[in-house]
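In the two complexes that follow, chain A is the common piece, with chain B as its partner first and chain C second.
Coming up: the complex of A and B.
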């Protein structure tokens, strides 16, 4: 029975082989080849020059992931406590922005954050900018929000927050209620129940949420180009430049992608190992 | 090893192109065209299809470099492409274009002599010009005191935080090279490094609000920045939404560009491709395109007829100043240079300098 059903997975396995495994193999081949086709390690020698870009990208992605977690966990937790109607409603609201195109959503943030944008016009109208100028002696005609690292982080949080909320929510909602009752019977207060039972049991959701937010955030180039002003390169920009820029150096682009992927995979492995240990320790 | 990669790439390209190839039966005539976005009056496609019975698969790509990358990986199965001058030079040098049979393109006669025999195709074997234009500075007359006349403005700390630099290494370095009095096609490492230093100094002084491509529309139209460098045709689009904007080709000169239609070496539909090129090169098509796209036509008749055409369609006379932005007069054009294809070493240097600027 099991064998028969497993045949149904064939289309997906073929899909994976063709569009996930094959491209990765190609990437590895490219990363180790010179532009004339021979084997070389030169592409990796250059990597040191880009250390700053790596650090900046990982920093921004980490901040965005941390914010998503801090905002997303409580939302998931309290959502799961509410009645089914509220949950459905909240789910629609969380998903709603994702029905719109990603670039369009980010583009609209530009009109909000611009120097002459909606927020600054609002601040102007309610006198916030004048107040700030009087208090600090500054002479601002707008608050600079656009083209900053803060704007990039905001863009990441806005776009990827649902990917944090959904996995955490789906884990918490399925928690075995009897475990919580048992904890209560054994005399644990609400805070202890949360800390010793709910939190550890929801860790798998947290881990997959972190992965789903961090990975796209660390490799984004659209958000940094639109909201960050393109003055400070992120990894995504750097990689894009190798393929779409004037020099056309797919070998170097593949090498940078490979290094980025290895770092991300190592981070994830370490995190998951840590997560497993935590879970088992608590279960014991 | 490279062969495996190639086979894999081809395999993927073929899978992706299946729907496109499916329609290419023996009896059905097809032409695959690849151009920039918003770069054709789309009614021309319908007109061509009903006139000739040839199906046009019209696709777009965002830049010359992206087009090159598609062609190199074999993912682009096009017949006709419309790259810019320097990219045409590169494609010819790499033997990727097919020579045209101009007897199938009678409308080529109508292309003004001025746009023939240019550096990228000196013997007129491969190309039929599509549009041309200039690169210049766009500024907001409400936010800048006086007139801007020099590339200095792109590096001037007095406009700190209000300047938009273009996010394209060739154009950005060209601005600095021109301001320093160098040739925009230089391969001299010292000159290019000096240009890079100029950009770096300005960037560190906080002159640049952002490095932009298409975001420039929203920023300049909304008055979020005072100065930007961009292309003449796009300025006219911005002007429709913000009448305070001005355009200038700086006194140091600038780049002018020609985008031309070419047929790829491995094109499957060469006859149809030449029919398409001939159709687009006609005066009627050039008028329609010029009106829709905002870039000047290389067709001499279309260029002289355009003011009358405009008046007929819109019921008002064409503003001469605007027409001169679109189709720069000889006095401006003689100061401008075409980009040429650069040797690979120089392209690598451009890429390194550009990356350093971003780090």
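Coming up: the complex of A and C.
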């Protein structure tokens, strides 16, 4: 029976070979070939010119991930302490924005942050801009917020915050309550319980949250194009330009994608190793 | 002390929800704007909703999005369920390596998946072109098309590919939770293995299949990056249309269409939640009665 059942996976194994493995092999081949088809390492050499973009992408993605963690962890933790009805409601409220396309939500930020956008209109109404001008002697009619790195980070945090909250929450909610009681019985205060019991046990959720935020943040191109106005070029933009934009060069695009993939996979392996160690320590 | 603490917690949560919902509310409010600006209010009007239904481009892309998402979800749910059962029945070593490959599309950045699929399709089309040309030149019974391009077909394949792993991810645990003796018992009682599958295995894993299908559908509807690289220029999903518009001017018609979609999802969620709450209540009552 069991062996017969395993045959059910055959179609999908073929599918994976065709549409998961073969495309990645294709990408590797492209990364190592010149535009005339011969073997070359030139694509990787050319990438040196874009070191700045690599650094900026990783920097902004790291900042966004850190903010998501700093906001997302307390929210998940506080949520888990509320009643079941509140929790269900909060979960729905966190999931709901994901159903609205992220481009639309990012576009909405554009209308908020624009020079004559809603936030600047508000600042003008409450006299904040006039106050700022009087205090610094500047002559601003609006605060420039669009097309800055801050706006790009804001867009990343906004779009990926639920991906941080959900895994952390789902781990915290499954924590064994008796462990916390035991810690209290043994004389630990609230802070100690949190630091020695809850935090280490919720680490798997934190790690998966970090990956789920960092990977899309480091590779985004829509958010940086919309909120960064094309001035803050990120890795995703660079790749997109090689395939769709004016700088048509799929070989270079494949090479950049490959390098990005390798860096992300290495980061994740290191992190998971680290996380596994923690989990085992907890189990001992 | 305890009270103020709780107030602080709720304040933080309220602020986060405000942060999450403010842009969406603004988007919805300005879909009713009489003017065509998305930051200056000119009075209430439903004009953009009227115009929306006459906009070929938007309606066509909504249609494409829905069709692709439904088809991809249906195919991925069936294929993923079978694959999960197959994986479950395999020897451990083989299964572990296949599961690793299965995880690749979920771990990879979307842009890497999109780019690699795009390169693969283009390379395949080139190979196909020369093959079809050669075949057409040596015989005339079957005439194969020599020029294939990115379009609805490739879009659908891409969506199925990134959906299946999510189905497997949610069906797999349900299979492992299932009592292994159930299948043997069913067969001992005279079921063929087909019957055992339909009458025993399937009902056991149904919740996993449903949640897998829901995840897959959400992923399909929400996807932009992979579609962008695999749809070519002949097919356009709503996300791609919006992206194209943000490069120039976004018409408030887009606000209108997203308001409608949002309202539909909201309605669906309310129905699901009310039903769940009712079921739980009934279950609780039954427990008391017992």
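Everything that follows uses one rule, which is that the second predicted complex is superposed on the first by the 257 of 284 C-alpha atoms of A that agree within 3 Å, B and C clash if a C-alpha of one lies under 4 Å from a C-alpha of the other, contacts with A are read in each partner's own complex, and residues count from 1 in each chain.
The working rule: contacts are C-beta pairs under 8 Å (C-beta built on N, C-alpha and C of every residue); 3 or more make two chains touch, one makes a residue touch a chain.
Just so you know, these numbers come straight off a predicted model, no measurement behind them.
Chemist: After the match on chain A, would you call chain B and chain C a fit or a clash?
Modeler: clash
Chemist: Taking the superposition on A as described, I'd like to know which of chain B and chain C A:39 touches: first, second, both or neither.
Modeler: A:39: touches chain B, not chain C.
Chemist: What is the contact status of A:237 with respect to chain B (first) and chain C (second): first, second, both, or neither?
Modeler: Only chain B; A:237 stays clear of chain C.
Chemist: Which of the two partners, first being chain B and second being chain C, lies in contact with A:30: first, second, both, or neither?
Modeler: both
Chemist: Which partner does A:81 contact after superposing on A: first (chain B), second (chain C), both, neither?
Modeler: Second partner only, chain C.
Chemist: In the superposed arrangement, does A:48 touch chain B (first), chain C (second), both or neither?
Modeler: neither
Chemist: Taking the superposition on A as described, I'd like to know which of chain B and chain C A:90 touches: first, second, both or neither.
Modeler: In the superposition, A:90 touches chain C alone.
Chemist: Please name the chain, chain B or chain C, that touches the greater number of residues in chain A.
Modeler: When the residues of chain A touched by each partner are counted, C comes out ahead.
Chemist: So, does A:137 touch the first partner chain B, the second partner chain C, both, or neither?
Modeler: So A:137 meets neither chain B nor chain C here.
Chemist: Have a look at where A:115 lands relative to chain B and chain C in the superposition and call it first, second, both or neither.
Modeler: first
Chemist: State whether A:22 touches chain B only (first), chain C only (second), both chains, or neither.
Modeler: both
Chemist: Looking at 21-29, 75-83, 201-209 or 291-299, which bit of chain B clashes with chain C?
Modeler: Answer for the clashing stretch of chain B: 75-83.
Chemist: If I apply the document's touch criterion, which positions on chain A are contacted by chain B in one structure and by chain C in the other?
Modeler: Residues common to the chain A contacts of chain C and of chain B are 19, 22-23, 26, 30, 107, 110-111, 114, 116-117, 225-226, 243-244, 250, listed in rising order.
Chemist: Can you check the complex and tell me which residues of chain A touch chain C?
Modeler: 1-13, 15-16, 19-24, 26-27, 30, 71, 74-75, 78-79, 81, 88, 90, 92-94, 96-105, 107-112, 114, 116-118, 121, 158, 161-162, 211, 215-216, 218-219, 221-222, 225-226, 236, 239-240, 243-244, 250, 253-254, 257, 260-261, 264-265, 268
Chemist: Quick check: in the complex, which residue numbers of chain B touch chain A?
Modeler: My answer: residues 1-2, 4-5, 8-9, 11-12, 15, 62-63, 65-66, 68-69, 72-73, 161, 167-170, 203, 208-212, 215, 218-219, 222-225, 347-348, 350-351, 354-356, 358-359.
Chemist: Quick check: in the complex, which residue numbers of chain C touch chain A?
Modeler: Chain C reaches chain A through residues 9-10, 12-13, 16-17, 19-24, 26-27, 30, 38-39, 79-80, 82-83, 85-90, 98, 101-102, 104-105, 107-113, 115-120, 123, 157-158, 161, 164, 183-184, 187, 193, 196-197, 218, 221-222, 224-225, 228-229, 238-239, 242-243, 246, 250, 254, 258, 261-262, 265-266, 269, 273.
Chemist: Within the complex, which stretch of chain A touches chain B?
Modeler: Residues 18-19, 22-23, 25-26, 29-30, 33, 37, 39, 49-50, 52-53, 107, 110-111, 114-117, 144, 146-147, 225-226, 229-233, 237-238, 241-250 of chain A touch chain B in their complex.
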